[in-house]
Structures are given as C-alpha cells and as structure tokens.
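Shared between the two complexes below is chain A, which has chain B as its partner in the first and chain C in the second.
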Partner chain A sequence: MSTSDIVARCTGLFEDLNFVYAREWKAARPGRKVVGYMPFYVPRELIHAAGALPMGVLGGGDQLEVIHGDAYYQSYICRIPRSTVELGVTGRLDFVDGMLFPSICDVIRNLSGMWKIMFPKTMARYVDVPQNFRDDVGGEFYVNELNELRKDLGELCGRPVDDESLRHSIALYNENRRLVREVYAFRAAAPWKAPSSEVYLLMRAGMVLAVEEHSRMLGEYLEAALAENRPRRDNTRIVITGAFCEQPPLSLIKSVELAGCYIVDDDFMLVNRWEKANVPLEGDPIRNLACTYLHGSMSTSAKYEPDLSKKGLYLVDSVRRNRAEGVIFMAPSFCDPALLERPMLQNVLAAHGVPFIAFKYAENSGQMAPIREQAGTFADSIKLWSEA
Partner chain B sequence: MTATATAAARPAPKTAAPREAIKEPSMVKQKEMIAGNYEKLATAKAMGRKVASTFVPGNLNELIMCFDLVNNLPEINAIQNGLRKKSGQLIVEAEKRGQSEDVCTYVKSDLGMLAKGNIGPDGRPIPSPDVLLLSYTGCFTFMKWFELLREQYKCETVMLHVPYEGEGKVTENMRAYIVKQLREDVIPTLERVSGVKFDIDRLREYLRESARAEEDLVWTLESAKHKPSPIDAYFGGVYYIGPIFTAFRGTPDATEYYRLLRQEVQQRLDAGQGPVTPEGELSKEKYRLVVEGPPNYTSFRDFWKMFYDEGAVVVASTYTKVGGTYDLGFRHDPDHPLESLAEYCLGCYTNRNLPGRIDMIEKYLNEYEADGLLVNSIKSCNSFSAGQLLMLREIERRTGKPAAFIETDLVDPRYFSPANVKNRLESYFQMVEQKRRGAGVAAAAAVH
Partner chain C sequence: MTITAGVDVGTGSIKTVLFEVEGGRTHWLVRRTDRVRQRDPLKLAAQAYDQALEEAGLRRGDVHYVATTGEGESLDFHTGHFYSMTTHARGAIYLEPSARAVLDVGALHGRAIRVDARGKVLTYKMTSQCASGSGQFLENIARYLGVGQDEIGKLSRQADNPEKVSGICAVLAETDVINMVSRNISAPNILKGIHLSMSDRLAKLLKTIGGIDGTVLMTGGLALDDGLLAAMQETMQREKVAVQVTAHRDSIYAGAIGAALWGAFRHEKLARLDALAAA
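After this line comes the complex of A and B, so read on.
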C-alpha cells in the first residue's frame, strides 16, 4: 500500500463528521459501545478493556457549519466546545454511549456538566488527573479515580473490567504508542519523506480507528514512506506547540509547510503518545497506569510543573532532540492553557537562544495568507541569519 | 476569578454637591480591617514578617495564620485597582509584555502591577511573597497565574490541588487527597518558610472563630428572603463577603464585623427598610433578582446605579459563594480541622459542576421569591462563564421566570459598555413587567 492510499483512507476518516467507521464498528456486534473523549488525555486502555471503542472528539474543524453551537457560547470562548455541541445537537454523536471530558481547562470542564444536561442518556464524565506527583498522594488519588472510572465503564458496557483484559489493552496501546513514536522519529529524521500534513492525518485516524487497526496502519505507513523517494527541500526545521486541544485546519498545517517549514515535532494529538514509555504489564494494571501518568507522561500546560528550574524544558528538549531551528507557538484564540503558558515558554526558549514566533487560529480559520507570510518570514530569517 | 471589594474603595457619589456615602459601623469596621492588612503587607519586611500569597476560592486563611504569615490576595489587589480605575493601564502594561489579550484580566492587572514596581492599590508597596500557596480550586487560570508569579518572584510555591466536583458530589477520595496534600506538602512547606511549627489546636481555635462569623454571614445573606429585602446581595454582598473571603476569616475582627452587620440588617428589617445604596436607602423595591457571575469593578458604582435607579434589588447571587457556600450548610469544623478545610475548598461555587450550579440558582429563585435571573457574563472568567447560556435556558425552562444576559469584565474597563448594559437592563425590567402583567391577566381570567 502506498502512502497516498493510506493518506486517502485517513482523509476519508478525517472528513467524516458522521463518524461512519465508529457507527459501523458499533453496529457490527450487538451490545457494543462507543465512548468519546476530548483532548488532551484519557486512559483509553480502560475504555478498550471494557469492550468499547474509544473515539476522539476534536471539534468540527473547518467543514462544519456551526449554527446551534454558537447559541451556547459567548464570543470570547474558543471554538471547540461550540462545534462539539453542534456535533451533539445535530445528532452526529447520537450513537456515542459515553463522553469523557479531561481536566484541561475550565471550558472543557464545564462542558462535562453541559453534556449531562443536554444529553442525559449519555454517560458524561469529567476525568480528573492529579497535579500532585507523589505516588502516595497524587498517585493514590489517581488510582482511586481510575478504579471509579473502571467501575462506571464496566457498568456502561455490561461487563466488569478485569485485570487481564486491562493488561491486554495496555499491551495493545503500548504497541500503538511505540509505532506512533516511531512515526514521529521517522518524520524528525526525514521530514521530506513524512510531511506533517500526512502525519497529522495518520494520527487523527488513531482518534477513530480501533487501536489494532491503527497500529497496522502506522506500520504500513512507515514501510511505504521509507520506500518512497520524495524531494528534499532546504526547509527550516520547526516545532509547533500550543495546538493540543482545538485543532488547526489542515490547510494551516499545509500552509506552514508550504512556507518553508518542516514540522519536526508538534503537540496536536498528545493522547496518542502521552505515555512516553511502555506502561508495565506486570502487577496491578491500574497502579501501572497511574504511575506512568505521574512519572512517565508528556508535559503540557494543563499539567503543573512543580519545579521552576524544569519549567518549559520539555520544549527545549524537543527542539534539541529533533534538531529544530525554531518554535512556532500556534494556539487557538481564547485558549487559556496555551496562551497563559506561552510567555513562560517563550522566556525559556529565549534563555536557550531558540527563535520563535507566535500566532493564533481557530479550527475554522480560512485566511492562510498572513500565516504563510509569517511562517515564511520566520523560516527565511532562520535560514539567512541564524548562527548555525 | 473572584473576590470582594471594601467599604474603603467605595467611590464618591456623582452629584453636583458630593455627599459622603452613608457609612454604618460595619463599613467603618471593614475599612479599618482592610487598611490594617495593607499596613501589615507594607511593613511586613521591616517587621520581619513573612508573606503568603493565595486565592479567594480555597483560601486557607486559618492555616496561613497558624504560621504567622501575612495573607496577600492578588485577586483583591486587582479588584482594588479596578475600583480605583488603575487596572486598565496595568492590563495594557502586561499585554505589552507578552500576555495575550484573550486571557484573564485579574492575572494581567496583577502582572502589570508587578511590572510597574508592585505598588499596591493604596499607593504603598506590596512585598514580594515568601510563599505562593497555589490553592487550585475551581479555576484553571490559578495554576498558570502562580506559575507566572513564581517565574518573577522565584519564591517557594506549594500547590494544593482541589479536585473538581464533576459528578456533583464530594467523595472520600477527594477529601483524603486534599488532607494528604495538606499534611505532606502544604503544612511542611509553610513550616519551613515561616519557621513556625504547626499547632493543630491553634488551627482549631481559628476554625471555631470562623464558624461564628459564618453563622452571621448566612443570616445576613438570608435576610434577603424578606420583602422588602434589607440588603442587596450582589452589590452590597460584595462588601459583606469581604472579611470572610479574605485575610480575616478566623479572626475575632471578622466575628465582630459580622455581629455588627447582623445588628444593622436586623434594624433595617425591623424598620421595614430596603438596602443601603451609595445614594441612601432604596425606598421602593420594584424588582427582586438573582444574579449569576461576578460584577464589573471598573464601573462598579455606575453599574449598581443602573439597578437601584430602577428599584431592582439583588436578593441572591452566586458570586458571593465563590469563597465558600456557607448558605448550603457548610461550617468550618474545629473537631475535624484538615477535613473541614478540604470540604470548604471542594464546596466553593465554581468548583461545583454545572448541574449543581443550576440547582443552586433555581433554589435561590424559589426561596427568595425572585422575579428572574440576570447573568453578568465576564470575559475574563471561563470558569464562571462557559456554560452560562445553557444555565440561563435551563433556569427559564425550570422556573418559567425571565432571564437576561449581559456581558462585562471584572477589571478591564475596555469591556464595560454602559449604554449597552443599561439598554439590556431596561429591556429586561420591561420583560419582567410584561411577565407580571401576563400573570395578572391569567389570574383574573382564572377567577372569571
């Protein structure tokens, strides 16, 4: 299978706002359930172990006309909740049995309560995660929260989630994350062979496909991309940060690339690689999930950094590891986590001599010319004037 | 996200011959208390006292006092700067230094103040904190705010993560998590910073004192169930919550303040009087409202005037519950000190889920026999604002009472449009009138 075949499949999934794949998956066997989740992280293994299909809900993108959703939100609130409400009230999520709302910001947090009121037949649950990273404090709290979620999902799906099923699911997600990391590493090593517009779609496919199927797809893509010859350009290697919740339109990612940037790292879909290493399979699986969250997960602005001296270093590490030459802060308008974090990260980058620019977008942004100009100027200035 | 004003900040009336705002003993008392705390802050370094900064929701004032720390509340500084019309320039300063125009203006007012030398609202310096007590309760921005401050002050920072009541209830897991953080992190950090050993009996004493004041606060807020209401539970309420939400909960001063306040309100009740406004007593109560959301502080007096000029009295508000939902029965409990602090944090208004918030508003509309609900939606505060349009619809559906929506901001004067707000309010009052007439006609038809 060629990369273009795989990308065509991913594009179909990406553009399908009726979630036909998930509907068909559910219809294929009586009693199957689908559980939606919003960015940036939920323990998908638990949903899988309960026998349900975890399905990422990342708003409506630039193809969904938001009519009802705007009536639920003021103009100064970001776009993802309004397009998500639109998906809900127009019946596009009517097959979804449960919705999980992670602890990312006050807007998504409050949406969990709105969902309870608007869609009372759907299990809607807020997923809290610890901001204290001690095993005996935050860890204990999270173990209990996960057990509570495990119980709720078991009830929803009509079967208790036992340890063996959970270990099996963890193993499948470990394999999936290994492949996701491999794709990211491959892109960082040879970005001309794995354009970010493709990698993005590949990762988005993981939001809807069953994990086993997505893992197969990742493997096939790696094989195909490696085999294909694509022209290498003298682009600037950049990291994108701040786009971990409301997603940019695909055209924006393409515009950044067309402006002369190779995106060598990003935070578009953190849930795909939130755990940086394998979750252990031996011992208590719930405790293993909790421990990995505390000590082996990615950093993002929704997560507290207790140590000032480590603040923002994950971004510097990403720049170094991926041999990036600059950072683009790309945040959705009105995104509290990304926009409040931005000045702190910029200070860290400045202290390490990493150039950066910043702009905002909405999931339905249509005007790409200014972004292309800004990104192009940034890329050119690095090429022309950087010390390297 | 939230906080309170003070009697000291009340601006002079806009009349040809300015007259002194009427000040009752409780107001004088509060003014002295606030001034006293700013005095403590201004002289802290000279007096060798350590300073803790923290937030209003999840404010652990009793615990802070156990370590002889002076309590500085950045939200209050932002409000005071808003009331004194200083916040606008501070916000612009923070934006010039890289803060986004989209984010909370409390944060930007605070960072702007810091950038301009940290001169407090009273014109005296605010000392650098020795510890940032990041009580992460009901507001995501709090976490980033104190990370931003930590970057500037480079001082010790201790996080108290208060889980959100997503399922509308407090679980044992949540309570135990908070207590553990208090025991394992917060208390040891405060001991280390202050050099004072923690004494749980001292905490118990403060909590006992808190509970006394809480009784009188609740009595005062609930006095608005009378007709006419002797208080305005939003504009006046902002003053009433001042001591208990800030650096005074657990002190005899706070207990005394609420005793005085209760006496004054009792006198107004006995005399059948309405609330005191900056221009004197409201003689005729025409509309009884419940308000959801914080007030605007940069035009606080003008905003209030739009209500009392129309005879509108706010009989209950959610904003006066952001620093504790005492009217729902919670009291600090000296017999279970740490557990009680955990319960307090968990119960703060914006830490409750949306269905719970709607239930509270519905209860207020019914129990206070209000004519309707007004939502003042604040641009700065997603914790409050996200979901308010659904709340409004849901309340109308459940109660049949009219609801209205206005938009302002806490301390950013650019987002207060007086003509628009006034226009909306006038339309709303007409709507209430219309509803009354409709009800009158229906009642008459039923008789015939």
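After this line comes the complex of A and C, so read on.
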C-alpha cells in the first residue's frame, strides 16, 4: 500500500462528519457502544476494556456551518464547543452512548454539564485529572477518579471492566503509542518523507479507528513512507505548540509547510502519545495508569507544572531533541490554556535563544495569506540570518 | 562555483534567472520573462525553467540550488522557497547597491521595504487587499481604454491636466474612469491621474516604514512603467521627501535575482554546516 492510498483513507475519515466508520462498527454487533471524548487526554484503555469504541470528537472543522451552536456561547469563546454542540444537535452524534469531557478548561468542563442537560440519554462525564503530582495526593485522587470512570463505563457497557481486560487494552495502546512515537521520530529524522499534512491525517485517523486497525495503519505508513523517494527541500525545522485542543484547518498545516517549514514536532492530538513510555502491565492496572499520568506523561499548557523552574522546559527539550530551529506558537483564538501560558513559554524560549513567532486560528479559518507571510518570513529569517 | 536558479512565479508573469556564483563574484547567465496569459503558472514555470537551462547549455542536474519565490512554492523541482519580500530586498541591493528602500509593485499589491546593505529586511508595509494600487488594476483600465500595456507610460507622460481616481477601491476607481471617458477626458490624462493616485498610495507606504533616505529602487512588474516612475518622483518631490526613486532596467527580475542569490548563499552555508558535522 502506498502512502497516498493510506492518506486517501485517512482523508475520508477526517472529512466524514457523520462518523460512518464508528456507526458501522457499532452496528456490526448488537450491544456495542461508542464513547466519544474531547481533547486533550482521556484514558482510552478504560473505554476499550469496557468493550466500547473510543471516538475522538474534535469539533466540526472548516466544513461544518455552525448555526445552532452559536446560540449556546458568547462571542468570545473558542469555536470547538460551538461546533461540537452543532454536531450534537444536528444528530451527527446520535449513535454515541457516552461522552467524556477532560479537564482542560472551564468551557469544556461546562460543556459536560450542558451535554447532560441536552442529551440526557447519553452518559456524559467530566474526567478530572490530578494537579498535584505526589503519589499519595494526586495519585490517590486519580486512582479514585479512574475507578469511578471504570464503574460508569462498566455500567454503560453492561459488564464490569476486569483487570485482565484492562491489561489487554493497555498492551494494545502501548503498541499504538510506540508506533505513533515511531512515526514522529521518523518525521523528525526525515521530514521530507513524512509531510506533516500526512502525519496529521494519520493521527486524526487514530481518533476514530479501532486501536488495532490504527496500529496496522501506522505500521503500513512507516513502511510505505520509508520506501518512497521524495525530494528533500531546504526548509526550516520548526516545532508547533498550542494546538492541543481545537484543531487548525488542514490548509493551515499545509500553508506552514508550503511557506518553507518542516514541522518536526507538534502537539496536535496529544492523546495519541500522552504516555511517553509503556504503561506497565504487571500489578494493578488502574494504579499503573495513574502513576504513568503523574510521572511519565507529556507536558502541555493544560497540565499544571508545580515546579516553576521547570516550566516550559519541555519545549526547549523538544527543540533540542528534534533539532528544530524555531517554534511557532499556533493557538486557537480565545484558548485560555494556550494563550495565557504563551508569554511564560516565550520567555523560556527567549532565555534559551530559541526564535519563535505566534499567531492564532480558528478551526474554520480560511484566510491563509497572513499565515504564509508570517511563517514564510520566519523561515527565511532563520535560514538567512541565524548564526548556525 | 555554485550554479543557482531563481524562479519568481508572479500573478502576471514568470521570471526566471540563472547565476554562477564564486566567492563574492556573481555572473548572470540567463534571464527570461514569460507572461502567464490564462495558462497554468506552475506548468509554465517548469517550461520556462527548462528553456532557461537550455539557453545556458545546462541540465537540471547541473544546478546546485533552485530557489523559488512568489507563488512558486509548489514547484516540484525547487530546493528551497523564499518569501517574496526577502527576495526583492536582496535583488534590489544586487541591482542598486545604494538602495536602502524597495518599492515592490506587482500585479496584485504594492509593498515598501526598508533594507540594509546586505539585503536584510528591516521593516515593511503592504497595501491592503484592494487591488487599486496594483498592476492588474492598471492593466484592466488600459484594456478599457484600448491602450496597449507598453503604451501606458508614454501616454501618461504626455498628460497636461491629469484627473485623479479613487486610491482606495478598485471598483470606485473603475467607476471614476468610466465617468472620465464619458466626459471626454483624454487617455493620457486618465492614465496620469491613475499613476498619481497610485503613487500617493505608495508614497504613504514609504513614509510609514520610516527612516528612508538616499535611493529607493522600484521592483516588480510596474517598475517598467516609466509613467508610474515619473509620477512617483513627482509625488515624493511634492511631499518634500528627500529620496531618489529610481528603477533599473532589470527591476522586474529583482525577486528572481534575490531568490537565486539567497539560494547560492544557502547552498554554501549548508555545505559548511555539513562539513562541520562531518568533522
């Protein structure tokens, strides 16, 4: 299978706002359940272990006209909750049995309450995550939170989630994350062979496909991309940060690449690689998930960093590890977690001599000329005037 | 010795140049302009590039760096792409080393760029999205008046009583022109009026970037329009801005030249970095 075949499949899934794949998956066997979740992270292993299909709900993108959704939110709120409400009230999510809303910001937290009122037959749950990283405090809290979620999912699916099923699911997701990390590492090593517009679609496919199928797809893409000969450009290597919730339109990612940038790291769909290493399979699986969240997970603006001296160092580390030459802060308009953190992260980058630029987008942004101009001049300035 | 190509894919035309660069010396091998005229610009650019190579007696494999600019980032044979402001700045310094500001006026927009002696962009300002200060607009008006593009400058310089048009909106400006035609205003006076309106707008851009003195080089397709150049000089004099606005006979190639020269610079820099990494 060629990369273009795989990308065509991913594009079909990406553009499908009726979630046909998930509908068919559910219809294939009586009693099957689908559980939707929003960015940036939920423990998908628990959903899988309950026998349900975890399905990422990342808003409506640039192809959905928001008509009803705007009535639920004031104008200075980002677009993802509006378009998610639009998906809900237009019946596009009518097959979804449960919705999980992670602790990312007030808007998404409130959306969980709204969902309960608007769709009372759907299980809607706010998934809280620890802000304290001590095992005896945040760890205990998260173990309890995960156990509650385990119980709710068991009730939804009509069978308790036992430890063995959970270990099996953790193993499948460990393998999936290993392959996701491999794709990211491959792109960082040879970005001309794995354009970010393709990698993005590949990762988006992981939001809807069953984990086993997505893992197969990742393996096939790696094999195909390695075999294909694509020309290497003299582009600037950059890291994108701030896009961990509402997703940019695909045309924006393509515009950044066309402007002369190789994206060598990003924070789109962090859930795909949230755990940095394998979650252990031995012992209590719930405790293992909690412990990995506390001590072995990615960093992002939406995750509290208790040690001020370490704030933002994950970005510097990404720049060094991926041999990036600059950072683009690319955040959705009105995204509090990304935009309030940005000045602090920019200070850290400035202190480490890493050049950066910043701009905002909405999932339905259409004007790419200013983005191309900013990204293009940024890439030029690094290529021509950096000391390296 | 580095052989480098610059391909500037503009809205109105494709400009292609080839250079040979050795140390600090540059030798310009080939230049060519191909009007787009409703054709696919990317296909045309590929043909133009191959024809330029043929003129120089070279093959694709002989070129060390193919740099694109303008809308050329999708050309599959490019090594690197530079934003047009970056390339016009460098190209202007190549053509006129004393220039410290560049006025790039193309088919769709005008842009004032302040540069240093190395061709580094210090600051810039662009016209808004309306095309009233652009070559495309001027081309449309010339067509309405039944005037060939190469006649625009000459006719404009014959004007004795120019009438200005709206400098903000192309639609309003076109309405102004229709009114002028119905009032029997002569083509030279209409064209000069348009040139003066455009130069007012461009002069504002130049003043906004600030700190300009000495020479301002016009680049882009409209640098060839000596009527616009004369109107610009007149406007700057009237506004008491002590700069010399000038154009070079090769100003239209500024973007392509800049791309080619930055391409050579990058080729050498990358070779240095590779050697360092190997050591």
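Following the convention adopted for this analysis, the second predicted complex is superposed on the first by the 388 of 388 C-alpha atoms of A that agree within 3 Å, B and C clash if a C-alpha of one lies under 4 Å from a C-alpha of the other, contacts with A are read in each partner's own complex, and residues count from 1 in each chain.
Throughout what follows, a contact is a pair of C-beta atoms (placed from the backbone, for glycine too) under 8 Å apart; a residue touches a chain by one contact, two chains touch by 3 or more.
None of the values given here were measured: they were computed from a predicted structure.
Asker: Based on the shared chain A superposition, would you classify chain B and chain C as clashing or fitting together?
Answerer: After superposition on chain A, chain B vs chain C: fit, no clash.
Asker: State whether chain B or chain C is in contact with more residues of chain A in the superposed arrangement.
Answerer: B
Asker: Thinking of the overlay built on chain A, is A:G260 touched by chain B (first), by chain C (second), by both, or by neither?
Answerer: It touches chain C, and chain B stays clear.
Asker: Scan A:N235 for contacts with chain B and chain C and give back first, second, both or neither.
Answerer: After superposing on A, A:N235 lies in contact with chain C but is clear of chain B.
Asker: By the touch definition at the top of the document, which applies to A:S112: first (chain B), second (chain C), both, or neither?
Answerer: The first partner, chain B, only.
Asker: Under the stated touch criterion, which partner chain does A:D136 make contact with: chain B (first), chain C (second), both, or neither?
Answerer: first
Asker: Given the superposition on chain A, what is the angle at the CA centre of chain A with arms to the CA centres of chain B and chain C, as a multiple of 10 degrees?
Answerer: 100
Asker: Under the stated touch criterion, which partner chain does A:T377 make contact with: chain B (first), chain C (second), both, or neither?
Answerer: In the superposition, A:T377 touches chain C alone.
Asker: For the overlay built on chain A, what is the smallest gap between any CA atom of chain B and any CA atom of chain C, in Å?
Answerer: Superposition on chain A places chain B and chain C at a least C-alpha distance of 19 Å.
Asker: What part of chain C is in contact with chain A in the complex they form?
Answerer: 65, 73-74, 76-83, 85-86, 120-121, 262, 265-266, 270, 273
Asker: Of all residues in chain A, which touch chain C in the complex?
Answerer: For chain A paired with chain C, touching residues are 231, 233-235, 258-260, 372-373, 376-377, 379-380, 383-385, 388.
Asker: Going by the contact rule set out above, which residues of chain B touch chain A in the complex?
Answerer: Chain B reaches chain A through residues 97-100, 102-104, 107, 136, 139-141, 143-145, 147-148, 150-151, 154, 157, 159, 161, 163-164, 166-167, 171, 173-174, 176-177, 180-181, 184-185, 353-358, 377, 379, 382-383, 385-390, 394, 407.
Asker: Show which residues of chain A lie in contact with chain B when the two form their complex.
Answerer: Against chain B, chain A makes touches at 71-74, 76-77, 81, 101, 103-107, 109-114, 116-118, 125-128, 130-132, 134, 136-138, 140-141, 144-145, 148, 301-302, 304-306, 308, 311, 333-337, 339-344, 346-347, 360.
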